[in-house]
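Here come two complexes built around chain A, the first alongside chain B, the second alongside chain C.
And then the complex of A and B:
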């Protein structure tokens, strides 16, 4: 069990390709941290630097208070679960799990105890003598986790461990993983590009884009108060409606490029005339039956998902794209106009220039 | 779903196969049959007459101490060539697999020897090792070692082994490199995290995963050393001194074209043929199974 402290971490590949820029993070003892972002955002690079598989260009990395910049992967007291499982194909499940312990020089009886315990936890007892090729994807993933658990490391690292599995198995293993974290109370660092995994697993999420950290916060934090336009757009499905506009003279309204003016509940901390992106989540729009509409949606396409209905369309006649999410099955006709009201207190404003959040209601 | 092409007429597929069948029949089956046939006869040196002798040619071969010695020489030669070329190729492949810069240039250079004809490869080594003008022989002399493969049979054998292995290193290197590159990097990374040092990683992960490649190459190398090194030996030692480098293929030539004992030469060919058949069988039987670990 340990803390991981990342200070001003940078990764520059030869030819000046920057993979990671000035990343700072403090991962607490026993915390489940998920690094999330689009592919190529540097999240895996950070994980690999924590593991010691990738060298650190500049910056410092501490595991349990010890600076590990130049330390070999095997001496960092970490375990890693790979996307392709990376099981040793010529060894049985048991030998796969033993390998690290033997290298550590642990006595035989202790190795046997640890493997028995891990096998019980992961329901692998019946498969110990099989070769990886005779296991299903889910079982292989469990073996990969078993190999990490028996090591009893300070930090567990996961590199997109569920992305090779089908959707149903993924959901199942997700809850197993969460339960495992509770039981072990160890520090988990988990990389994924799947925001559902990030939201459901994490104590805190680190959202990355183009090698930089966009926001660090709890799942609800990043959902309710996205720090940047990128986070607002990245988290949430269907993603947040983002509309360009300009702050009005009184700083309490935004005039959208597509026409309508949206009233804010408080003044925005930006000069009048500032270009802004106004964000509203599809679920925070509702059909206005009183007539006082903030926006008008021309319906283009309706998705009936059973639990909810998602309506895609445009603002007004043919301006910016807009989507609406309502509960249950509701009937919308294509090519009709629907007046919408914005739920108060759910507007997000971002500076168009910097992409940073502007404080307001 | 795999789509199968179905020929409407019966003769077209046979017509399409005909060239290959013709080549096989004319250049493989016919000579093989001729060898088999002549191995049962004793023929005079000028080909005017021949007498049916049954298995006498074979019987004489196995009574001939020289032939038995050739068997042993071939075995020593083949195993040494295979061992030497495989181990050198593996070391080079592991090194090449680590090099990131100029990897292609490095690889190309290593593959070059394979393009050299066996006879030329032999001549190159022959010049290098020549006791009166060879540079390597000169160095050896400076180090106080007297090299003369014209006189010393062991040295002659060593020379042809090195020359034959040198030529085969490139081929093995290519296969080993491909084998190494097909091992997922994450597997070795997992081993590194599992506290295995570089040597342990190699012997417990990389090497076992290369076994199918190694086994395949072992068979290929033995076949090469046993049957394809004739021109190399012919161009350098001509089997000498005192038969010390006379491997079985070379003996076939020597008995037939120098000694003009066609019957015995044919019998030796048939024995070699049986060896090839056995090795091919062995390879198909075991390599196929070993490929999937």
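And then the complex of A and C:
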């Protein structure tokens, strides 16, 4: 149980490739933090620096108040679960879980109690004497978690632990992980590229792009108030509609390059003429039945997902791409025009140059 | 392509049987010859079936001194060969597995240079460097000793290269998991790398044991003392016994005896050996 403090962390590989740039984060005691971002964004590098598997180029890292920059992984009081399990293939499940404890020099009877306890928690009691190759993927990942749990570490690190599993098992193990976190009340740092995993597991999400932190916040925070255009685009499926435009003279409207003018409910904090990206989530658009339409969607493709229907198309004739999400099964015909109204208060504005969020309603 | 034609399978079987006969006939001849007295082999026709001297011949060989090789029993020579073969095998495996461990898992200056230096020695067989090696061994005072037989043949680029290739297929995560589990380099080597290399070690053991057992030139050079003779040298001495007639029944018996230990090693390790060749799951 411990805090992790990351101060101005940088990772530069030989040949001057920057993997991580000036990352600051404060991970609270008992928090479930998810690092998420596209591949190559530096999220795994940060996790591996916390683990001590990767050296820190500049910056400081504290675990439970202790600076651990040069400390060996085995002495940081952490445990890690890898994507491809990394179980020792020649050892039985029991010996896999024992190995770290034996190296710590824990007495035999204590090792046995801890393993019995972890095996009960993870329903591995029947498999303790099997070799990893005789286990299914889900069981192997449970063993990997068991190996972490028995260590009773201050911080648990997970590197895309569910990526190698099929969708159904992933959902199941996801809820097991959440339950495990609640029971252990330990600090979890979890890396994934899957935003659904991030949204459903995290207390707070750290969204990364190109080695930098884009936003740190609760799942709803990043969904409802994305700090940058990247976050707006990355979180949410189907992703947010982003349309380029220019702030009008009165600063209360945006003229889209595709034609229509969108009224804002308050004035935007930007000079008239500023080029902006206007964002609206697909579920915050609705079919206008009164006739007064903010946008017109020409339908290209309809996806019926059962619980909801997603309509893809373009603004006007052939301008920007736009998608719309409506509840239940609804009928849309391809190559027709649909008038759309924007739900008030759900517009997002980003400065085109900096990508930063502009405040407005 | 698998075809089912009776004529073709007949031809292939005949070919195989001829091949097997061709391979086995000399061994059969040696076995038969070693069961006769000295006269039976010196005039034709050479017998094709066992004589009645087998027990006598083999007990002479193993325990009685052979005057042709200075009165040393073949049993003693086999023991010498066994020591040499085991020494070379175990020595080669331990040196090369440690060298490969260092090259794959540690970052030190000139690491790749060392690797290539080892690799280049692949092109230098014992015969090429035999005179300087002899000089070194002589100056170290190791002529006519077991160490002298074993140590110069111990360094092996082939085995180092083989272990290096194997270590590189072990996923990095395994090393990282061990580091997080608090295992230092030596513990990682002992607890994880060594057990995983088991099948490779077995395969190498077979190959190197036979290599060591069949060494001829090097023992011939550095042993002058009959008590250090190896069995392969012993056979040669018996054949070139100067003015006396070669004692063919003893020579054949020695050849048969010399074949037994390599066969035992192959049989004992065959299962692991095959597993090492086919297993790919990590």
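Basically, the second predicted complex is superposed on the first by the 361 of 361 C-alpha atoms of A that agree within 3 Å, B and C clash if a C-alpha of one lies under 4 Å from a C-alpha of the other, contacts with A are read in each partner's own complex, and residues count from 1 in each chain.
Definition applied: a residue touches a chain if its C-beta (ideal position, glycine included) is under 8 Å from a C-beta of that chain, and two chains touch if they have at least 3 such contacts.
Keep in mind it's a predicted model, so treat the numbers as computed, not measured.
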Combined model on chain A where chain B meets chain C, clash or fit: clash
Chain B versus chain C as contact partner of A:118, first or second or both or neither: neither
Touching partner for A:79 - first (chain B), second (chain C), both, neither: both
Which of chain B and chain C A:89 touches, first, second, both or neither: both
Partner chain(s) touched by A:51 [first = chain B, second = chain C, both, neither]: both
Touched partner set for A:23, first chain B, second chain C, both or neither: neither
Intersection of chain A interface sets (partners chain B, chain C): 51-53, 72-75, 78-80, 82-84, 86-90, 99-100, 103-104, 133, 147, 151
Interfacial residue positions of chain A with respect to chain B in the complex: 51-53, 72-75, 78-80, 82-84, 86-90, 99-100, 103-104, 131, 133, 147, 151
Chain B residues within the chain A interface of the complex: 184, 186-187, 189-197, 200, 204-205, 208-209, 292-293
Parts of chain A lying in touch with chain C, wherever the complex brings them together: 51-53, 72-75, 78-80, 82-90, 99-100, 103-104, 133, 147, 151
Footprint of chain A on chain C - complex, ascending: 171, 173-174, 176-184, 187, 191-192, 195-196, 198, 281-282
